[in-house]
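First chain A sits with chain B, and in the next complex the same chain sits with chain C.
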Partner chain A sequence: MDTECDLLVIGGGMAGLVAGSIASMEGVSTIILRKGQSATAYSSGAVDIIGYLPGTSEPFSSPTEGLAVIAGVYPLHPYSIVGYNEDVETENIVSEIIRRAQDAITWLKINLENTITPLIGTFDSNIYPITVLGTTKPTCLIQKTMHSGTLQECEDSTLLFAGIRGYADFNPSIAAKTYLEDRIAIGKPPRKVGRCVIQITPFGKPFNLSSIEIARHLDHEKSIEEIAKQLKKQVDQLGASHVAIPPVLGLRNAVANKKILEELIEADVFELLGFPPSVPGLRLQIALEEIYRRSGGKLLVGHEAISYSKTGNKLNYVTARAPRRELRINAKAFILASGKFIGGGLSGDLSGMHESVFGLMTITGAYLLARDIIPSRMTNRVAISPEGQPVYSCGLSVDPFFRPVREDGVEWASNLFAAGSILAGYDYSTEKSGLGVAATSGYSAARSAIDFIKEVN
Partner chain B sequence: MSESEFDVVIVGGGSTGTAVARDCALRGLKTLLLERDDIASATVGTCAGMISSGLKYRGEPDIMKMSSTEVVHLNRIARHIIMKNPIVVPLLDLNDVASDGEYIEAYSEHAEERDVPEMMFITPEATREIEPMIHPNIIAGVYYEEFFIDPFRLCLLQALDARKHGAKIKTYCEVIGFNIVRNEVQEVIFYNRITGTTEKVSAKIVVNAAGPWAHKIARICGAELDLRLNKGAHVILDRRVVNVGITSRAIDGRWIYLFPHENTTLLGTTALDTWEDPDTLVASFDEIEYLLKSIEIVIPSIREARIIRTMAGVRPLVPDWKVPEDKVTRGYQVVDHNNGLISFTGGKLVMCRHMAEAVTDLVCSKLGMHAICTTHKNPLPGNESDVDIESLSVEFGVAMHALERMRARRGTEILKILELTKDHPEWKTTICTCEPIIEAEMRYAIREEFPQTLNDLRRRLRLGTGPCQGTFCTYKAASILAEELDLEGDDFLVDILDFRAERWKGIRPSMRGEQLAQEELAQGMYSCVGNLDQSDVDYDLKPWEEGG
Partner chain C sequence: MNEDEAYDYVKSTLKKERITPYRQEELEYVKSVENCINCGLCINHCPVVAAVGVNRFSGPRSIAVELSRSPPEFWSTADIVYLCTGCGTCREVCPKNVNIPEVVNIIRSRIFDHRPDLVPKGLFMVREILTKHDLAFEPWEDKDEKTESRNMRLERLRIPFVPDKFLENAEIIFYPGCQAEERAQEVREAAKIILDYFDIEYTLLEDMSCCGLPARLIGDEETARSLGMQLKEKVTKLGAKKVVTTCAGCTSNLSEISYNYDWGVETVHILEFIAEDIGLERLKEATHRSNELADVHVTVHDPCHLIKHTSRQIMEHALNILRLLDGVRVTESEAYDSCCGGGGLVSYHANDVATAVVKENLEAIEKTGADRLVTPCPLCTAQLETNLYKIGSSVEVDDLTVFIAQRLPMKR
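Our next item is the complex of A and B:
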């Protein structure tokens, strides 16, 4: 079976959906292939832009500051690439890099505003949401349901951590302890925390609850009021001004649920940052898909890109496989946003690191050829440290238009662009930059692809 | 006698040390066991758990006989933690067949007492029917049966049984010196790593069961002990990829095995003489390839399986030199230094009770005591009767699979654990989904089995040992441990970092394929979201993390 479009995007996570939506909104006919669940759906749902300079421990106060540093220290970082285009004057490199990221993030914020999960946060400051461990991390944008209001500024704020009986992903007692110790150490409010456990039984049993189950339950009308009743008692008892709950407030009705809860218990309520299976990650994924679909784009779920045809410098089509069919998709331009190892865009074995669809050149975080490097050689002895694991900085090298390049530095094809975590030169886990790079590079790759398509038309 | 006076102090909480503690306690000796880390945290914690009939050592008929008798004893005292291990040897050429005649005779001599069939030749068709992944060109197969024991639980149960009979078990206590008067040990000095203090106790006899550190203990006691230390590494696959155990000759003619083991598969072992610090050892790239290349000869598709980790340990062999590792006797030696210190060298897991009996006999005679050994008769905790998991599953509403795994660790103790869920139904929540382990068992283990860290809990429960390598259970289990032990927030985070460090030690050398995605997820959770890479808690680098 054959089909046609202007732009084919391989990968339906943050990078692919941003790229596809932008193109589609500009009237470019677009198809996105998505193999399985995206890594975006596993994410905490907060949009990091840049938290740390790799290997260092002083967080950036804002993305503006961070990007300026990155631009100087790592000119080949996915954020920096746009600044080192020959059209950009030397004195404008940094401002161009910041402007591009800002444009992308502004686009994301505006477009998510009327979805199930609007974002909050600005480019001028990093914020420190609390995680289910009781730790905090620097990020830029959070979902509105995660917004803790005046908690960390107001001198007399009191925080109640509320867990759910039989839901092991969040333990309020140790999170409360960890968080309070941290606040005391830095001498900032809140100075008083408490904890409680409430009961929610979607299937009548108080054990083995999953976040998705709870969120679906809370999407049902009136179920949030039941929780409010339990929480109200605890809030009054502690005199809590804020309540932290695990990220389960609903898949579709989380924003409304937060509002209802706050009215009923008379305290600010917010979701903590959590681990997969992640309700906020899934919300973000669903919201991005809705934006894309509304823009008129086609999303083919369960389709894996398995082969391609290329003539000279031009990619002609990609063949996609689904459980019951194979589909040849002809397009004018292509964006590869197939992710890293979780997404399946990259693989690594004893023969080295490989890009999965086109066999593109892979490089290490230090910009050396990764084709023959065994993954275990790109690891550090210490499991968790600001140095991270170098294997996760592997990926594709791209030109200023986000076109993957060959060993000689020339693009592999004039009409193939790449975006998201398949790009080399950054480790999102230690930098705290994952969804920010995905959105920005998706935005940039789309711009390049649109220009290319307009040109050939 | 006061709290600090003991008849016998045992150094080392491995299979031998815990067996000695149990035997001494059962015979009424005032007993203290000192372990510098946790029970079963070194050699025995890196073995496959096979209680072998001694097949590889057919040149030593006494050893084979002893091994067989010990299997019978262990099946009597600890059958709840023992599993049958049926094994196929695929034979690819006639040379293999010729060399195996002797094995068959030697094995079959004691088969009946262990209640296993005699070793038999089987046709290529029958061999491939048992295990279809075996190479199609085999000319025959050999079938026999051995047994596995859960090595962690064996050590722990021996320690708990010793404690039940009056012995004191102190983990995280490292022996750092001895007070010796007129060439007789009077006191044992040790550093308590939990309290951070140096303590001492008086001892009439000291038993040195420190395994690969035995020569060091002997040295600080003014005695010499020669040991042949030998490194063995395993590669661990993410599930039971074979129906039965496979043993085969490696590329250098040694025997290696591929054993379905608990919920994983073990491929091992290598054998390299070593002088390294056992705490720093990890599997090398060459060892991993040696094992994969060797088993590939008979299981050609082995590389399609996901490698989740490696594990490496050190065998404290009897000091036979100028022979290859597999020609060194697997018997053990009891060395009396004639200054109150008695040391072990050599031995195998299967012999640990026998070794304990021999040394306890010696201790008793030195102390002028007459007490007979009962360790081969008295059941270890949990082995008192059978457990009907089918009816328990219905009664308590816990999945059969979870209960079967719990039964394999607990035997009759399962009833006490399930009882806890009557007051706390939320403790039926599965914390480690790979194994699986429910919260009630975790809380029970914390309360009854003296774990200090998450890694100690892993040894008691197999926490985090499955395909996800603790990605999803580390933080959940850490919060339960923190709650039960009333830990501070910092200690909670250190526990998470410690556990990730220990898992990473084994994951790192074999990182490839699907494991890259698994670890990306772990990094995403603990570094990216948890921000633990930036945590300012007091985390001490582990021995294998130090250096360049």
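Our next item is the complex of A and C:
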């Protein structure tokens, strides 16, 4: 079997879907190959841009501030690469980076507006949504269902954490305690926090419940009214102005469910950020796929890129394998957005770090060759520390067009671009920058690939 | 005790320990579980979990990280692993390519070997028919009645009868599969119409037998292997280059066993054959204003055995074919690729689960407003038709092969 397109994107997470959608919207015929779901579907569903400078514990107040610092401290960070362009003068690099990242994020926000998961948040400030553990984390965009309104500003706000009987991923007592201690320590509202447990029985049983079945259950008509009855009592008793629930408010109807619930219980309702694989992460994945499909692009699920053909400086085709068939896909340009260790774009074993499809050069966060580096040498003993895990910063080195480069610094192929977490030079988990880098680099790589395709035509 | 003696001693205890060593081709599947990162993405997508919840069916992650860990205790998972419809969704969304559907088959085969008492009773009925007739469905006792049933179907669908062909040295073997052979005979007839119309030199098997997929799903590896071997012999003896089938399950299973057991013969679904060998242009020409069928608004169901066990590209062919047929308008259902519940032989022993799984499809199909649902698999066709009928839906169901054959003109 053979097929062809202008642009072949390998990987269907945030970076691949943003890149594919932009290309497809510009009339470029696009195929996205996806072998499995990965970090985007696995995420909490909030879009981080930049939360911290590695090694520090004070979060940035806004992506604008964070990007300016990153550009200064890490000139080879994927965000910084966005600013390197022949037309940009040195003194304008920082504003170019901010402009490009902002363009990508604005694009994302506009396009997600009419999907199952519209986003809320601005580039001018980071926000601090609450997690199921009762902690907060800096992020830029959250799904509208996670928006807690005036909870953390209004002096007389009262928050009720509502757990679900038989649902083990959220313990309202622990969350309430942690959150309240935290608020008292920094002297900010809400000053009163309560907790309760409600009952939701998707299959008639109040035990052994998973997030997905509760979410699907709440998509059904009338089920939200049922929990509103239970919540209303608790809200009145505590005098709660806000209610925090685990991220299970629905798969397709979450936004409408939030609204109905708020009307019925007369308090603001919002979802907490949850553990992976979260329902909001799945919503984000579904919504991004929907944007891509609407743009006219073809999503080829269940196919894994296994080999390629290259002549000189040009990549000709990639062979993809489905369970029982192989397919050759000819394209003019290619974007590699195959992810890092979860997605399988990079693999590490005793022989070193490898890029899975093309065997591209891998480097460490310190820009040394990672080809022979054993992953276990790149880890910290402390699992979660501001320094992070160096192994996360490994990946591909790219030129200003987001083309992966060889050891001599020249691009590996004139028509291969890379985006997303496969890029080296940043640690998403300490920076809190994962989906932001994915969206921005996906956006930028797509721009380069589109220009390239138009030039060839 | 030397090493060999020790090995023999251990081997002799296996039966008592209820362990059957993994075979070579199973090792790849077993080892794929090592890659599982326990992320649980599969739970969000499993149609059985969606239909009955994790308390009844603990889901693919549980199969990978819990239920498949201890061979001597495989028996304790029987109430769960036989509820898997084998749709392959988990393997498709898995970032690490963990082959859970095959792991399920492995566990089922061990339960069948060591604790047949725990295999759902309904499956033994299927096995009895399989071992007795080499077919998954009880053959017609009266051949005339079978012919009559066929003729009634042809008449209702307004498609002509093309006599069976049995040739030696034909390049193509048409293999209808058990369902089209014994039950949905119109599908078998429709494929013959298509092949005949385009002057394809093909043959049927003189003695049709099952590809062995149902036996694998029961866990009866021995019957599965012997059916596979039997079919290999019949196919290779004819010296054909390609086997064409109309059944999604046969497509994936034949592709697998022909690869595993070196048949040296390619096996394809008739949609692939139309798109790649006959050519869409020829089909377009042939069907253009060829009949007086009224315009029809259809929606499509993607059979799991084609998209998740073979390749999603095959349904691209289906859509391309539908797009070129005159008077056919297609609306995609939201659940187009969601399991129909008919897989994994679940409906034979836990019909409530199969019915709960198909529900999502029914709602989405109704929502499209289509007059008709088409799908390139007789099993999906039957499962969806029965369940749509039960809810009083006005949507008709056609196997896609029949739908195409209806739009071909009578041959000159």
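We take it that the second predicted complex is superposed on the first by the 457 of 457 C-alpha atoms of A that agree within 3 Å, B and C clash if a C-alpha of one lies under 4 Å from a C-alpha of the other, contacts with A are read in each partner's own complex, and residues count from 1 in each chain.
Operating definition for what follows: contacts are C-beta pairs under 8 Å (C-beta built on N, C-alpha and C of every residue); 3 or more make two chains touch, one makes a residue touch a chain.
These numbers come from a predicted model, not from an experiment.
The superposed arrangement places chain B and chain C in clashing positions on chain A. In the superposition on chain A, contact of A:T131 is made with chain B only, not with chain C. Residue contacts after overlaying the shared chain place A:D182 against chain B, while chain C stays out of touching range. Once the two complexes are overlaid on the shared chain, A:G27 sits clear of chain B and of chain C alike.
Comparing chain B with chain C, more residues of chain A are touched by B.
Using the contact criterion defined above for the overlaid structures, shared-chain residue A:I212 touches chain C, although it does not reach chain B.
When the two structures are aligned on the shared chain, A:V391 is found in touch with chain B, with no touch to chain C. Look at A:I374: by the touch rule set out above, it reaches chain B but stays clear of chain C. Once the two complexes are laid over each other on the shared chain, residue contacts for A:S44 go to chain B alone; chain C is not touched.
Once chain A of one complex is fitted onto chain A of the other, the partner contacts of A:A383 are limited to chain B, with no touch recorded for chain C. When the shared chain is aligned, chain B comes close enough to touch A:L350, but chain C does not.
Within chain A, the residues touched by chain B in the first complex and by chain C in the second are 42, 205, 207-209, 276, 342, 344. Of all residues in chain C, only 37, 39-41, 43-45, 49-50, 52-56, 59, 88, 91-97, 251-252, 255-256, 259, 276, 307-314 touch chain A in the complex they form. Residues 39, 42-44, 48, 52, 57, 59, 131-138, 165-169, 171, 173-175, 177-182, 205-209, 273-276, 340-342, 344, 346-350, 374-376, 379, 381-386, 388-389, 391-392, 428-430, 432, 434 of chain A touch chain B in their complex. Contacts from chain A toward chain C in the complex involve residues 1, 3, 35-38, 41-42, 202-203, 205, 207-213, 216, 276-277, 279, 282, 300-304, 322-325, 327, 339, 342-344. Residues 285, 397, 425-431, 439, 472, 475-476, 478-480, 482-483, 487-490, 492-493, 496-497, 500-501, 503-504, 508-513, 516-517, 519-521, 523-535, 541, 544-547 of chain B are the ones touching chain A in the complex.
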